[in-house]
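Notes follow the structure.
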Amino acid sequence: MTQLTQQILSGVATGAIYASLALALVMIHQATESVNFAQGEMAMFSTYIAWSLVQVGTPFWIAFVLTVVISFIGGVLIERIIVRPVENAPVLSHVIVFIGLLVIFSAVAGWIFTYTVKQFPSPFPTKPLLGGAVTGHDLGVIGVTFVMLILLFLFFRFTPLGLAMRAAAQNPESARLVGIRVGWMLAIGWGLAAAVGAVAGIMVAPILFLDPHMMSGVLLYAFAAALLGGISSPGGAVLGGLIVGVLENLVGTYLIASELKLTMALALIIIVLVVKPSGLFGAHAVKRV
Amino acid sequence: MSAAVAQYVERHAPRAAAASAALLDVDGVTVRFGGIIALDGVSFTVGEGQIVGLIGPNGAGKTTAFNAISRLYRPSAGRITFDGTSLLDLPASAIAALGIGRSFQNLALFRSMSVLDNVIVGGHARGTSGFISDALRLPSARGEEATLRARAHAMLGFVGLDALAHRPITSLPFGTQKRVELARALASRPKLLLLDEPAGGLNHEEVAELGSLVRRVRDELGITVLLVEHHMSFVMGISDKVVALEFGRVIAEGTPAEVQADDKVISAYLGKAR
Amino acid sequence: QKQYGPGASDKEIKIGNINPYSGPASAYGTIGKAIGAYFDKINDEGGINGRKIKYITLDDGYSPPKAVEQARRLVEAEQVLLLFQSLGTPSNTAIQAYMNEKKVPQLFVATGATKWNDPKNFPWTMGWQPNYQTEARIYAKHILQNVKDPKIAVLFQNDDYGKDYLDGLKEGLGAQASKLIVAMKSYETSDPTVDSQVVALMNSGANVFINITTPKFASQAIRKVHDLGWKPAHYLNNVSASVSTVLKPAGLEKATGIITSSYHMDPTDPQWQSGKAYQDWLAWMKKYYSAGDVASTFNVYGYSVAQTLVQVLKQCGDNLTRENVMRQAANLKNFQVPMLLPGISITTGPDDFAPIEQMRLQKFDGNIWVLFGEVLSPEGS
Amino acid sequence: MAGALLEVEGLRAAYGPSQVLHGIDFAVEEGGITALLGANGAGKTTTLRAVCGMVDRSGSIRFGGQPIEKDSTESIVGLGVAHVPEGRGTFVKLSVEENLRIGAYGRRARDGVAADMERMYQHFPKLAERRTQQAGTLSGGEQQMLAIARALMLRPRLLVLDEPSFGLGPLIVASIFEIMGAVRRDDRVSILLVEQNAALALELADRAYLIETGRVVMSGSAKDFRDNEQVRRSYLGY
Amino acid sequence: MAATSGLATIPVAASGTNWRRIGVAVAIAAALVLPWLVSDYRVFQFTLAGSYAVALLGLNLLTGYNGQISLGHGAFFAIGGYTAAILMHRLGVPYYLTILPAGAAAFIVGVLFGLPALRLENLYLALVTLSMAVATPQFLKYFDHWTGGSQGIVLRKPAAPTWLPIGNDKWLYYQMLVVLLIVFWAGSNLLAGRTGRALVALRDHPISATVMGINPVFYKTCAFGVSAMFTGIAGAMAAIATGFVAPDSFNVFLSISFLVGSVVGGIATVAGAVFGGFFIQFIPNLANDISDAAPWAIYGLFLLAFMYAMPTGIAGFIRTMAVRYAPKFRTAVGEQPTSQPGSHS
């Protein structure tokens, strides 16, 4: 196998990592019209919950389901208790609350679980495939990411709840006027995003290894992926993730200044966004007077 | 009327109402949004000193025409000439300096500002101070600031809102905000004023007052007016000329009486009543 | 008779420390806490020459300007006798001029850069651990002696730590360095994985892989090298030589054959766990630092370095001036630290501000690190 | 006025420190139409917002005999109150069709949504042409139609309309007043109406109230109003 | 018209300028005597806080007044710091002559950056600026010939002239205070004038602002440039005060702290920049004093607590209180009378 194929395959594998967290970002954006910068740390924390469950002997898939449920509840509670009081504050104040959450989760995880890197079990066969370019686990991650993608797509496209959630995020006052419980929509949106994030965390932890900084690097890539694909589109986020993963590898391998590969990859994304400001698949929201 | 208004009015002595030269010439303008043709080869003129009414059913393209003149939309065909200058070569931000002011159908005020600041911003095109002169508070910038401020007060006085100058804009009722928009548009000393549904949300008495206000804009300030309005008695009462649009095309043009009697206008827009 | 500098008295000795308890490098914060826990133990046992240690540790978030500020607080407001084990090359570089100007000991800094051994220009600054360059030279020498026709690929962290290793490696390889090193790839700590770098390095056709990475990335690289079916002579830097936190996550079978060099015991390596040194350490961890991780080598590091300082202060006796502290720090003779590897000890002198200079090579056999060869010191390598 | 669907007594409301309504009483009969008239800034919009819990309020509001002055907007809507707000409240990033669909979100009877949607498209053919268009790009009048259609999708018991004719052409205005008449007649929907086109409003309404600076200064049957000199001058123009 | 008379009942002071003047005078007087009341180490901290305040004024101008969010202002801080350091270290330029070039360099980069940013809004701009913050240390390491790579550059700290009876820290403090006062004077003039209104108008309603004749390309790009310039000047101030620059001094968290500081201090206010400067300088220390086990968690709690208690920041809080308890002061305490960018309608 040539290096090119290897790099592309391994880029797809890392891209799936970005994609899975990008889906959580799409979820929270659809539900709140903003991006929660603590999403990555919350996913990391969920993964520690799963890890603790597995440590005490819970079978993997049961720990998985429990973690997703706990994360959902946790997300709802965070919205209700922490975000709710600043609901009517300016958007930038929300950003500060997100940053507050980020540092709290990061510090508390380090405090409880220490910073020592932990191994996280994979539910899939971890055998290397295709000359070691990917492993069975990577394929599993890609599969799970696609399942999440389809679920999110169906949720937003076909369920009244999905529509209500988008409506509540866009225009809370009007949403109340059609009988939507805006507060609950936000809470459920946080819950679902936390649940999606938990899945992402559990899927990527066997690859990245679990430590309190596990997601801090991923978040930027996931953010880039989500925006590249168009923040309102789950499919775009996944494709964006894969593009970012592959692009980064190719830039890092074939450009001379590999120290600048992140910079280069980001620069390319910025160029795409300047040309197409709402991302590859995002619907451009026209503003008129 | 405050002294500033009086002074201003004096400087702009009333002009002949029925001047012949076309101040604005819209010629064969087409605007498309994907498959939707919002304007389809629209042509009309607005003569200097006239009040022209632009009417038509909802979605006929009236606001789109305004937006094309403001250069917010790029027509795919046609020409728009103002006072001898072709507008389509200019960016939207250059239009105000030429002397075109406008109000918006749905309020487009600056939400965080006071009433007065909103109106001062309206005069932006008449200022020249830049980053450096503002930062260093050069005498030129200070003088200009005083002029803009005085003019904003004058225009607020003109529309009868000077008492509200320091109120936050969002605390005003809808109809009052529309009047602030009018003052803001006037603050740039335009030659042509585009008014998009200025009478929305006003009761009968208030509409009548607005009518005389618009006339005073023309008569005292010497400003040509192109206005969109669904309030028929208002439009027909003050316009020198009326242009009717439907589906992005001009279906009638003439004096209010002519247009009101036009069959196409009646069946598309006015209905049998009235 | 008794002599006291600032921060010292009949009752106590004030010691300042700066560590990144917040921010991207907070993983190292455990060192600062371990040191505090060791001083707790010393104080419980009656202190040093009857004086309790007052340990003031401040957070700099791994930010140099913050480190400057904290150093000034410790020196000017807290009036500490000395600054001990401040962490990170950038932070220590930022405060070095200040410390020397103020003539306050900047002892046993927690970084492996080479520049701390410079008594002529910076008589108040001293390192502790073997420097990265020395370690890299050890690998270079081993490669030249043991690998036939070496083609070397290097993975390194793109910062001063990685660059120091690279420099040492090039120096150790000598004139042919640029020919022997066929590929170099760096990563950023913000990179999620180093898979792509490893793929690229393998494709360079190298038969030697030098792995200059921190634990998480080391695990990833070890796993990826194995998965790709690449079988180079694999040298792993000491930073990541932990069995349970690096090799086990990667898979012990995948790590078999890796070579590293070390100077301290790996608390997760079974071969040490029955020894007294480890048992003492473990008892201390349990009693004084129960929140700490017994798998973390950082806690061994903090324990050992704290023991070194205690020795210096003991040697100071009743003369607790800053000058004497430096004099005694530069007067350690074959000081034995229990958790250092057998045969390794600490020696300093007026011209030798590098306390630990020796290392030993070891190879992973699938279970434990097996020491081989003699104790290596820079002159010897 | 026992048995009125909506009964409001002593309604007061404020935006922050500034009191806007100073005790307003009015009622809407079951199946009846009540119009509120008043000058620009009188407090009409505020009254409607207070009824629906969109502004700090006090006083007594009863809907179907049940007190709602403490209820949230969502709960009030859930009782069957649809509100066409000032400024239209379009969900600008949703399509026209989604806007209509969301209008049915709070309704009890889930069935018949599709049929109702078709009916709205018949009422407003302009919207049918624009089904998939992003609602924020509609013209002002089209958005007004959408707001009315969206409210009707709730199948409300009480329809609260804040200047429904706002920005609409004469023909459409006539047709929405026809629609209002029809829903009142056929579905027994009651209507609370703020409308500057007082002539039309008083033609349709049974009762009317005149509000000035946050107080009711006159109330009576629509006919009383049409005959009143002051109302004629300020609101009717004849 | 009849209705308007009723609207004018809320009393509004014509001007609170006097209160504002008094406040500023008191603050300046306090700043002048401060170094004589505290230790040199504190003086140094206040010098740093001052440099942060200048940086925040720059960020505030862009994000607060012009509505262009930046999560990457640490990059401009770095440009300023490194420009000063390179000029001093490699070219031997005296420290006080490096401030202006630092501002100029940051201005140029800011303008260049502002051009692509024109097309991007909100989240997209957040991503791009965040990327800038992430890339900064990498860039600095890459061009190690000039920047000294990851080793950074050690600078000699300026000493007070021998004829002046004050220590080096006070000397530096007063010089920095002068820079700060000049920047704040110019900044608040700018924001109070035609330019400032144009920036706010573009934030509040870009389309309407354009129709009023405000050129978005010019103003937004210049806003980026001027904002970067202020922050660059601040970077030079901090570099001179710290005596050291290194890539690690300018990590992502610095940029995030700037945003935190400007929001907590009070976005879209001039005074907020000062409060924010104090916040980012002193709150992490306070968190550390409360718990050296998990200072970051405490810091996070501080952020939450501040946002709960003062959702519009410290300056916004003071203004709200003043308006509530003394409506006369309404215009005395802040520049813009009401809400903020992006506040929910």
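Note that the chains are named A, B, C, D and E in the order they appear, and that numbering of residues resets to 1 at the start of each chain.
Throughout what follows, a residue touches a chain if its C-beta (ideal position, glycine included) is under 8 Å from a C-beta of that chain, and two chains touch if they have at least 3 such contacts.
Remember, it's a predicted structure, so these values are computed and weren't measured experimentally.
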Q | Graph separation of subunit A and subunit E (steps between touching chains) | A | 1
Q.
Between A-C and A-D, which chain pair shares more contacting C-beta pairs?
A. A-C
Q.
Using C-alpha centres only, name the chain that sits farthest from subunit E.
A. D
Q | subunit B and subunit C: spacing of chain centres that average the CA atoms, whole Å | A | 74
Q) How many Å are there between the centre of subunit A and the centre of subunit B, using C-alpha atoms for each centre? A) 48
(Q) Between subunit B and subunit E, what distance separates the C-alpha centroids? Give it in angstrom. (A) 40
Q. With chain centres defined as C-alpha means, what is the inter-centre distance between subunit B and subunit D in Å?
A. 30
Q.
Which positions in subunit D are in touch with at least two other chains?
A. 18, 39-41, 137
Q: Give the residues of subunit C that touch two or more other chains, as numbers and ranges in rising order.
A: 22, 24, 26, 158, 188, 190
Q. Which subunit A residues sit where two or more other chains touch them?
A. 103, 106-107, 110-111, 173, 220, 259, 262, 287-289
Q. Taking the complex as given, what residues does subunit D use to touch subunit B?
A. 15, 18, 37-41, 45, 86-87, 126, 133, 137-142, 144-145, 163, 166-174, 196, 198, 233-237
Q) Which bits of subunit B are touching subunit D when the two form their complex? A) 33, 36, 56-59, 62-64, 105-106, 171-176, 197, 200-206, 208, 230, 232-233, 268-271, 273-274
**Q.** Residue numbers on subunit B that touch subunit E, as the complex places them
**A.** 70, 72, 91-97, 102, 104, 108-114, 117, 120-122, 124-125, 127, 129-131, 134-137, 141, 144-145, 148, 160-161, 163-164, 166-170, 172-173, 175-176, 184, 188, 206, 209
Q: Note which residues of subunit D are touching subunit A in the complex, please.
A: 52, 54, 72-74, 77-78, 82-83, 85, 89-94, 98, 101-103, 105-107, 134, 136-137, 150, 154
Q) Tell me, which parts of subunit C touch subunit A in their complex? A) 22, 24, 26-27, 29-30, 158, 185-186, 188-193, 195-197, 199-200, 203, 215-216, 219-220, 224, 226-230, 245-246, 248-249, 291-293, 295-296
